[in-house]
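Okay, so chain A shows up in both of these, paired with chain B first and chain C after.
Now for the complex of A and B:
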């Protein structure tokens, strides 16, 4: 296997709150190859965002990375000094967030903020930075980029702001872009534009993307590899085609079945029973046990380990003990 | 069916004064709802779909009388609501209820579940203590809330359960019409279908009438009988759900449909046409057809003349100079 760009190995990020310790990321491993789009899917509280913040070195008190390693281009990011981390961020690691309005500073112009990272990381002077900045805005499909360069964030629409964020993130040619729900706050027609833009841009630059989302539709459109998280753990990972064709974890299967499909007409929608438990309410054994239609005694008693069920296809579920079970043949969620 | 529809909206308009600055002589208005007309029959579900700023929420607020219309009429059960006195309006409110988007901000955090659900019953009906308790417990059964939750506070519940509390409150008085304003958008994917199934079941069992507002077509598809698509304050298409999904006639509806991500990686839509551009500023809408700057089929007339909202095919209303369907068929033959 080729040397992966990013390897996360048995990562544990815990939060030490007054109410107790929350294992937000609990033994998570995955890797990203160069030029690959890896999606992390999960619902609220699954640990998908904390995983991405851990990679960026942005975990703050009371959170702490308590175990595992994050190897980026051969270097371990866990325990790296703030100074070195800052050099990586912006240059080789970049991130875009869900709500572009809160990540842009309202009192500075777009150009000012765009140029800041270019000047800081690429050591360009003001005029050169402006040229590069306007070029970047053009690249992300902004009409009249030289005008927008001097505007302030409030003057732009949500879709435009997200384009600006993408321009900023990609201005220093990062090797890895972390996108945390980048289109969730956008309207559906704008979401489609932004997704296509991201795909086109990375095809050109060879940037890898770690794409965090709750929407399996977006995953199916974008990802090469998929990681499904539940309760701070990876419950399944596979390439996107395998995952949608042969999901092996009941949670993955439930998510796929409950995602609305526009060409399907049903009397009743498929749903997963119950709700995602609060941080201290997860069951002892398998974290999904009390919502799972296939639950066995073993699931309630013992936390499942990772089973390899195919090439690059891993699942954290006791169902696939001696032989791999085909979930598509089992009646599951109603 | 009774002689008049349950709800009839005629030429409804709502403008907001958005004039900035103290000394400006010229007033600026945002026409959130601009000449909207439709009817809702008893027992029917009308889905209202549109992106941000299209006026769908303002429309809902107008119908429950949270806003005063600038022009036009809302006729409920044959009675013009603007002609009602305060007291009559108060009584009418019992017949029209609302379910809100955010179950976190729409429930009073200081009140117990019992008091939240009992509030409309206390205001509008004369029940003794035992009857009230029984009524609330029945409502909790109806929406799938555990009876033991009676004395708990909203913060102890997940989003899905809170939405159930909101639904119980809304149906407490057996209203004739319920406005559901994005009732599932704030919920996790696996919970959304639970709530949609519940809303549909209640609608059938209690023969309720809904106006179901959402920003995306997938959410309204399951519960609606008819769907109205809004763009910049206007209804651009109005027809049955089956007709809308199989034969969309307005280019905007077509764009909305093709922008929905498909949860199947084998059907990636690299080649599918996407709507370009952004939603224009509603304070300063384009002349002619409001959709023309984004429309792939626009011609000269679209830029000058606003299309009329007319019945193009057996109850399929569209506001477009070049509705899809007939012309497209002819093009294919050539």
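Now for the complex of A and C:
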């Protein structure tokens, strides 16, 4: 079997704040195959964005990767030199962000910002970069790309700017694209367009996507594999069909049940009781214990371990036995 | 461009209002005749001089005459020197401009690297030293720093001339005296606006492209802090043109500041008026230049 493109193994990213240590990512493992779309789902503060920034090597003080490894194309990104990391970033490893309105520098033209990575990574001159840049804008469905190329970000709508971000991220044909809630800030109609665009583009190029979202609808639309995160940990991971059909973790079930369905009549929307605790308020045992309707005594006392419940289906919950999965096997669950 | 034409035309009423305020203040301050005549002058002498200078006319007549003359390019004659007041101011203007520009350059050369540096290395020892230096620079009075510089570099080591204007060497100590004070404030401003900019989403985007830290900091972040930097440079330059009096005195620098204070002491109305007009003109022009630069620096800013 081929090696995974990205293997995150027992990653721990902690933030050393004045109030104490926040384990934003706490023992997270998953892998992404070539051409695959993997979604990380979770509420705000679940550690999904920190996970993606860890992969990009963009964790800033007071945050720090304190354990685990991130294998990208066989090389460990943790502890890689700044210089080597920069060569990957924007090149083989690209990222688009949640806020298209603020993610582009307001004082430089679209072309200037688009050409930057093309010139840097593909060693093109200004004219060649312009040609590639305009080509990319055309690819992401921007009308009159040669005009937009010379415009400044404030002249474009949110959807257009996100298209520019995608063009920028894909301009160097990355192997992995990390998309951190790329459609959250957009109108629903634009959202659908952007998702379709991303899917089309990567089908063409074979790029893998790590898709961060809190929207299960988007997950169902996009993902091959799904990782559910809660409190900095992976609570469940499975392929998208299994996850929606047989969710095992009470949190996953809660998330799915609280999404309204078009063919179901409900008097009231179901919601998961309580809110995500603050960084220092997680219970000692299972982090979800306080909000879990199926909570047992054991859950409050002991952190659950990962249990394998099916092919490529793992869950971190005491409800599903105590069979501990060998962590070394986990990378190959697909 | 219509916007700037409008702004330039607006200068005229602003200057008119300024003449009125200054004229009124000088009028209230008292009669210059008493200072012009010897102490034993008779009442008749005083009355005669007042009549000759038109100072016995009512306020509105004097002011009206003043404005009418001004519109014809005549800013009045100095009682003291018997010369055209505006010409006297123009004689001093190059010295003032020279010192102002040199001081701003000193401030920029210190503040920009130090501000960026302490922002990128926030809370490091460099940042602490820079912050300490900025507080010290702000707290040190100019006259004290000027005298200390003279003591060290002119008296003890004879590297620079003690005072006066002439060669480039004459310019260095007064420019450092004024420049360091401004640099202190500017460093704080650049540091805080750099810190704000460095936290923006587009900085993360720039980093995610694999750009070198230098490009992220100097191209993407610093370019966005230029609007506040231009603002403070414009403000400080206009302040320098009007108010370098203390430093001018310490270094016997023949600028407008000295001329103005002497004129105030002598109640030499025409020179006070001419000085204030020139200073006001520069304040307005500096603001105009700053507004114009904003447009170039930030494409989102467009005046209509």
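By definition in this document, the second predicted complex is superposed on the first by the 320 of 334 C-alpha atoms of A that agree within 3 Å, B and C clash if a C-alpha of one lies under 4 Å from a C-alpha of the other, contacts with A are read in each partner's own complex, and residues count from 1 in each chain.
Everything that follows uses one rule, which is that contacts are C-beta pairs under 8 Å (C-beta built on N, C-alpha and C of every residue); 3 or more make two chains touch, one makes a residue touch a chain.
Nothing here was measured: the structure is a model prediction, and the numbers come from that model.
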First (chain B), second (chain C), both or neither touched by A:307: neither
Chain B versus chain C as contact partner of A:99, first or second or both or neither: second
Touching partner for A:262 - first (chain B), second (chain C), both, neither: first
Touched partner set for A:160, first chain B, second chain C, both or neither: first
Chain B versus chain C as contact partner of A:108, first or second or both or neither: second
Which superposed partner A:87 touches (first chain B, second chain C, both, neither): second
Winner by number of chain A residues touched, once chain B and chain C are compared: B
First, second, both or neither for A:33, with chain B first and chain C second: neither
Doubly contacted chain A residues - partners chain C and chain B: none
Complex interface listing, chain C residues touching chain A: 200-202, 204-212, 220, 223-224, 297-300
Interface residues, chain A side, partner chain C - complex: 56, 58, 85-91, 94-95, 97, 99, 102-108, 113, 116-117, 120-121, 152, 154, 165, 168
Sites on chain A touched by chain B in the complex: 43-44, 157-160, 187-193, 195-196, 214-221, 223, 240-241, 244, 254-256, 258-262, 266, 268-273, 275-276, 278
Of chain B, residues touching chain A in the complex: 51-52, 158-161, 188-194, 196-197, 200, 215-219, 221-222, 245, 255-269, 274-276, 278-279
